[in-house]
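Before anything else, here is the set of structures, which you'll find just below.
What follows is a pair of complexes built around chain A, which joins chain B in one and chain C in the other.
Moving on to the complex of A and B:
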């Protein structure tokens, strides 16, 4: 693998990446670097190219232009080595649904050249780590709930003990309590020094988990930075949702349906006018920043 | 823990083992084998001479084996596509994944062919014919698994893939012979037999029929194209020629599928 303890400069390095599906120009010059041990979330609306970017990094979608390095391996010329650094959780469920929970991990363990005993020990550790209850271990995957399947996919991604974990919408469709458990598990991986790249539609998740968020829109990265700094850079700290809309008076604002969000420096800048049906003052969030920059919902 | 030995033998074996285990444990696989055995056994019970037995078995095989090979391979491919995507995102070569899939599927089909066709023939006392039929059966199975795998890899849409496979089955087992017969009758005054060696190359089902009949020497049932082949090449080289065509029918779809599989986006 790597000589001594010297790490390459970046865990993941992407330069000027372009990808076309037929005539559809899906990635339009993506540049992104991720440091070792960094947690990065990619946010973007449906069709922004998040999954395509993930698939390019793991070498499942062939890119026509640009460069990707994972640790010290080039994805184009040395995909096997690059993949050996990554654990992957895909957006779709791709467990073997006809096998049991345990069998899914064991099969993968054999692929990694573990002996039966090693694979079993490792599988048990990971099932416990991901808080999958013991009585489910021999259950067929097709009978599991969405949350357990997701936990199992994450367990499987960790089996090879990869330094980098890549997750495409790991918590979409899960209930809030399972989502919390997953967040907790993912943060405890951070202590082990892992690097995490994930996509999500939940700005709350991005804010909670990541050191840095990346906004994607129309195949480009339009913003990149720590969540709080990013909000601060584009918008004042308070957001006022008001309906029907009033005159924003030169302040930054966005229209969403038939209501208006005005961003304020000062919570008491605007008094509730007469006859408004909605008047909600809150803190500015990542989602506001994204909406403001793109006019699209996440 | 490091990922050991990226291309070591044992890991590759385990993927193949996984597929074959998975296929052979399937309900449909067991049902097919039992049904094939019962049908062939029944046909043999009512056959009183060797040629009758061979022709009876052959007709059943021609009708069933291509259909099952085509359908099972595609259905299985599409039902395991997501899991295959996961495997492909691992440090294994795509060629190897494709090869494991093909080999497991072919071996499973060959296994049920031997249990369902060769064994009843042996039991009923047609041992020499059973051996020949098994050899041609191996090729027949390998051909239709290869064709079906190629179609599945080319067609991302499951419905389109299964539809194509259905059309191919119809073409090879029903349509082609009907058209060929019509052409032969229509052009009977022209020297069309020259073209027969090329014409039969288009249909692997015909190849199976001719190779089975030529090798068991049941000339009476050879039919027009078989008779021409025998006349052209003699029996021995006729068999070789048809075996060569069948090998191409394995190789070409296999390679086209592999080529696409290696460069496609998943």
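Moving on to the complex of A and C:
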């Protein structure tokens, strides 16, 4: 696939990407590189630009300024080649409801240039890999549960064995048990050397799956690094949620509604004051780091 | 633009359509109902038009209308559902298929459906010996550019309408008058002077009807009428690609 079988330096490389919708400047000079085999989560509140960034990478949003390369293909000038390296799972269900589970995979295998035999073999492998029960294989998609539909979308994205998997909020709206199963499946893809780029609203998901998280806010990347290192870089290890708020005393803190979160180096730094209705001590999370940096909830 | 990928989009539609079973011919009933009502019913009162029995006069128009129905409704309502509600275009564009191929595949599919509907009407006309089988075959071929034109027009509309209900307005404001005033049920000469020159410009169906009727009357395919249909189809296809790009790749 690559010239001389040498991999390009990055699986995905984004340089100085800008995007405008009318006068709305939604991406403001995004620079991001993703190494081969790396799992990266993009986090940000609504309107941060993460979906636009994902759409730009897969060629569903026009690159107006800047450059995106997927493996050795430029997204703007050779989108077909760029897409040949990517398996894409969109945010919304876009399975073919008129067709059965197997037919969905066969038709998309056909659109991905697989022969009928290859498509059938890969489809069966992937349905087993995604733990979709055999009795559902000939079922119409509209009769499937939300979790099974999502599994099928992931199976479909893996049909052509792409080196890169792109997922826009892959587990939104799913119940926690299904979410865990999907996480497990996605992590097992890592052993196959896949690169994963996902957006999510769930901090826990980002922390669990990713080698690196990227915080986006206002169309910019404001922080980028391994989840634990990011937390450590910005905040002490303990978070104390207290309501009604007290004087934080020069410690890092954020206000969330009627509560205050104070970040502490030592869990016993503050004794419970009298008259508080909430006094909860816990470990600092990725969400704390995000809230502290942006002041926005995800 | 690789036509193989356009075929793959077409093939997906064919597979999904085939699964609908007998429902696939339902839309073709509409022109047949009009044929029965106007030809057998009203035709008995009218007698002859332009020197031919009224049923013979409207028969070629029914073929053209069937081509319009099958293609335009496929690339408006059905294509819009695939694009907007089912989000299938998003899924296709995540494969090797690119936008031009998607649009061409959809227009080709609409053209196919229009031609199938035209064929169903032709079969009925042949069964009642209104046209001969060789003439029916030529009319089927002539229905292809007519269906192509309206298939492209439909997809162009799908590229711009904000919601599916807008197709109802387009039907009432444009398609319905076109079906009535394109020399389908009466000759152009009976219209007021100021309306007559507008019909060939505004209504491509007029050229489709004239093409079919002139072929049936004297065995000739009038280039004066088939050429604008083809040119319009090409222009509308190019416009559809542009508008779909604007809609899908923002």
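Operating definition for what follows: the second predicted complex is superposed on the first by the 298 of 298 C-alpha atoms of A that agree within 3 Å, B and C clash if a C-alpha of one lies under 4 Å from a C-alpha of the other, contacts with A are read in each partner's own complex, and residues count from 1 in each chain.
Keep in mind that, in the parts below, a residue touches a chain if its C-beta (ideal position, glycine included) is under 8 Å from a C-beta of that chain, and two chains touch if they have at least 3 such contacts.
Since the model is a prediction, treat every value here as computed from it, not as a measurement.
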Side-by-side fit of chain B and chain C on chain A, or clash: clash
Partner chain(s) touched by A:110 [first = chain B, second = chain C, both, neither]: both
Touched partner set for A:60, first chain B, second chain C, both or neither: both
Chain B versus chain C as contact partner of A:194, first or second or both or neither: neither
Which of chain B and chain C A:161 touches, first, second, both or neither: first
A:88 touches, of chain B and chain C: first, second, both or neither? both
Intersection of the chain A residues that touch chain B with those that touch chain C: 21, 55, 58-62, 79-80, 83-84, 88, 90, 92-98, 107, 110-113, 156
Footprint of chain A on chain B - complex, ascending: 1-6, 8, 10-11, 14-15, 18, 22, 80, 82-83, 85-93, 263, 265-266
Sites on chain A touched by chain B in the complex: 1, 21, 55, 58-62, 79-81, 83-84, 88, 90, 92-98, 107, 110-113, 156, 160-161
Residue ranges of chain A touching chain C (in the complex, touch as defined): 21, 55, 58-62, 79-80, 83-84, 86, 88, 90, 92-99, 103, 107-108, 110-113, 156-157
Residues of chain C touching chain A in the complex: 5, 8-9, 11-12, 15-16, 19, 86-88, 90-98, 248-250
